[in-house]
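We just call them A, B, C, D and E in the order they show up, numbering each chain from 1.
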């Protein structure tokens, strides 16, 4: 295959890019835009959570612990437990939200978390109605 | 294909997938025949399934034809312990690495393949990991640590029972009063 | 005169290597006399993990098998489970699956372009193409909720309905990409300096290519028209119109040209999908006994065409909720060992990264 | 515990004043320079490698913050361990880390570095990275988005700027026996030779 | 007086060197479609590297390398006049000529070879071999062009070269010679397509692979100063030198931008390819240019 002379000059055409304004997302200055439906952190509507531990069962990462709560927010919650997620295990597959009978467990689009203490990553879902 | 069907007991699984069971003695000759006398000239996968209840492994040679539109599984049952199968490296050079992998993962020996050194694992001391009797969770628990702080995990069924009992006794206490 | 050889490890921590693997090279001067591939840095034992999980649990883990393009794995897994359990998938779900696969293919080709151009020091192309890949990932984010790992193609269908206005967004992106591809041609594929580097390097002989089990662009780069989408159609590729581009050179440049043409074909397929997408219809056929779904004692082999070649799964059920055995055959297994080890002999050290990128070797699918 | 995100920032702010008062101007200036020039050795140990290109290229362009990738560990300040580590990889990661010169930091990317992630029952991945190496910043996610990775860098930048005494490399130097013991337990006889010379001539 | 002059020149070279390095990063970032780091980023980097702790040692020969290189760069800056007339910013150029400068330009790579050779890293050695191979190929066309300039001026003194260009600069008088010199100048600057020495995808950072901390900072600083010296040399030889400081900035900047842009759109040649290319095209240009004199 012969290399053409034209092809040694043509790449310089790419330089017109310098006249374009960069479309970079400058993250720390400009916050990330929330995407509806993004699989981020968990939220749990405590007023409808029935503490059935379906989420715990389906999670293949064994990331979900059912822990006791002090104040009952839902009278139908027979066990008095709510899920807590270990974010050192979770893979955000959202199987737990798929099997949730009252649809109380959901994922929100917030997803950014950096921390220097590895023991803080046990996450109690925020009580947010959905 | 028709021609092959006459020679061997080939089962059609799907329109493009055929299977053939052979014994360990005829395995190499069958593959040799298929490689040189038929269209199936490519070995695209070498599989091994552990049927621990039946105490045998099932080796599967996935052959693909020249047109790449038809697959033939040549399967063969072998024993689980200290088995050596004739290597097919002379027929299919790409089998070298596949056999190396199976040797490491299942402990199947391949005679005639002298590259059966480490594939993915380094200094592995335990059982070959893909065998069914190798319990990965037990291995993990004995070799690695999980992070602490998850002891407050409760069994929901227990909790329901406890709460029911508590509610009942509370009711009784109320009724009693 | 005997020349002194030195042995070096190219990788695993090396900018010129495609992922976490290494190649042991014996060098005389800068010429390679022997090459040996080492993998295992990424071994996680997927096949073992899958044996411990039920079908729907295993579904979330398979996409991790190949990081640059997870979707062919999901498609394979879904195909295999559907074939074993005899589940029919609705037309709409099939179309969405094809769309996802083609988008993933485009994204993977753009990622490949970054690697290939980076291997010859043309960083500008990589900067551009990763940006454009990100635009595709944005669409994935809206559709599936995940950026890289989509976990979307589910046995029985797909997990979510198309969001409002998604097809329009996709159409607009395709228009944009079509314009960009011209610029990539000028800066990368037609660039004389890239051609000088790539032509005649890493030549695969076409007569042995089929027998040795090479797949994808390696085959098509040496003039053999093989593509699972045509030879063994899955989903509804049989009904879609597209060409299989081929080149006759067999070298790095030929494979690059094949990929360049494939990107255009992907765009063509996506346009057809947008036009033909059914508006009505269910997207998911519920698995029987959803969480306690069992597979019959059967086995099967399915394959899809990933952006780097045939990606096959062997799956055997045993009548329980778990999968007895699932074995993955990625395109990189043969390319990374038999092919790479033979291609590198006689090449210069500077061509290692070039050849590895052009074969598209992805270690996580070699060792799982 | 619920507000895990803010806990970090609050603890940092309270620390900031007390630390600042004890440091000289020169020390603060040096810390500032260190925070604004971070050379990264991006070791693609796992899935995380796939979100590195977008972070380093034009979409997210982390070079704005002074973060640059370098090819060799000798010149690097920050090691990104991007995801799960098999023992085979970990050996190389430790070697790379020990070749870096102080001050050096580690960013652990993804859930797998925290508690095993989805490979928690895999026989060939380690579960807690901080048993073997001191991790300065964890970035959560599977995969963490590029924004999350940048967030990790920003927080690490704050940490470096404060010249905190809890930096990982100091921990590693002081508790070397602990880390070494863990490494030996995992690798057995195959453990890499100790890199004693790294610490020779220091205190 | 000369001392102050020299000091000023070094300061200018250091400042401009880092400014241009920052500009290089910014401009190539713009070609990539992103913002890039701040202009002073390279300066931050070098300060940070200077205060890093040193962890490894390979004997004194290893450290001698960067020091020899830095000496070469400093002397180069001092022997090339910044301004084409008058007494200020002339440094030691009156007591040296073009031949000394050209000789000193080779000193750096040789010093580097000494240092890298002693650390035993195969990639470093490979990088240095590549560097020296390339250097030989680079020098042929560059010397051809320089000989042309010297013949034209009738002397190897900078003052004579400036004198000969007072009417029309060499760029216009001998465009072929300029082309030959410019292509090898790209190679001297380590720009694509001639950047085989430190190709990260092939040999890590090449010669710099084992250097860390202070010595890497020294390498960075000297390469920044050396780049500025090369720019100056090109300006003096072909653009008629600078009339004043503003002119200096303008001319070096134009050359620098041209080199940066060309570097960002071409792929890297392999060692043999770049030697072949340099031996062919620029050398031919140089010979034809000489014949036309």
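Here is the rule we go by: a contact is a pair of C-beta atoms (placed from the backbone, for glycine too) under 8 Å apart; a residue touches a chain by one contact, two chains touch by 3 or more.
Keep in mind the model is a prediction, meaning the values are calculated, not measured.
Annotation: C-D is the more contact-rich of the chain pairs B-D and C-D, by number of C-beta pairs in contact. Overall, the chain located most centrally, as judged by its C-alpha mean against the mean of all protein C-alpha atoms, is C. Between the Cα centres of subunit A and subunit E there is a gap of 50 Å. Spacing of subunit A relative to subunit D, judged by their CA centroids, is 23 angstrom. Once the centre of each chain is set as its mean CA position, subunit A and subunit B turn out to be 33 Å apart. Once the centre of each chain is set as its mean CA position, subunit B and subunit E turn out to be 60 Å apart. Annotation for subunit A: residues 11, 14, 22-24, 26, 60, 86, 88, 91-92, 118, 122 touch two or more other chains.
Residue positions of subunit D touching 2 or more other chains: 57-59, 61, 64-65, 71, 88, 114-116, 118, 120-124, 128, 142, 145. Annotation for subunit E: residues touching 2 or more other chains are 29, 31-35, 200, 204, 264-266. Chain pairs that touch one another: A-B, A-C, A-D, A-E, B-C, B-D, C-D, C-E, D-E. Across the complex, subunit B is touched by residues 51-53, 56, 65-68, 78-81, 86, 88, 118-119, 122 of subunit A. In the complex of the two chains, the subunit D residues touching subunit C come out as 41, 43-47, 49-51, 53-54, 57-59, 69, 71, 73, 84, 86, 88-89, 92, 96, 118-119, 121-125, 142-143, 145. Across the complex, subunit D meets subunit A through its residues 1-2, 4-5, 7-8, 58-61, 64-65, 108, 111, 114-118, 120, 128, 130, 135-142, 145-148, 150-152, 154-155, 159, 166.
The touching residues of subunit D, counted against subunit B in their complex, run 87-88, 91, 114-116, 120-124, 126-128, 131, 186-188, 190.
Residues 39-40, 43, 45, 47-49, 51-52, 83, 210-213, 226, 228, 231-232, 299-301, 303, 310, 312, 314, 316, 318, 324-325, 327, 329, 333-334, 337-338, 367 of subunit C are the ones touching subunit B in the complex.
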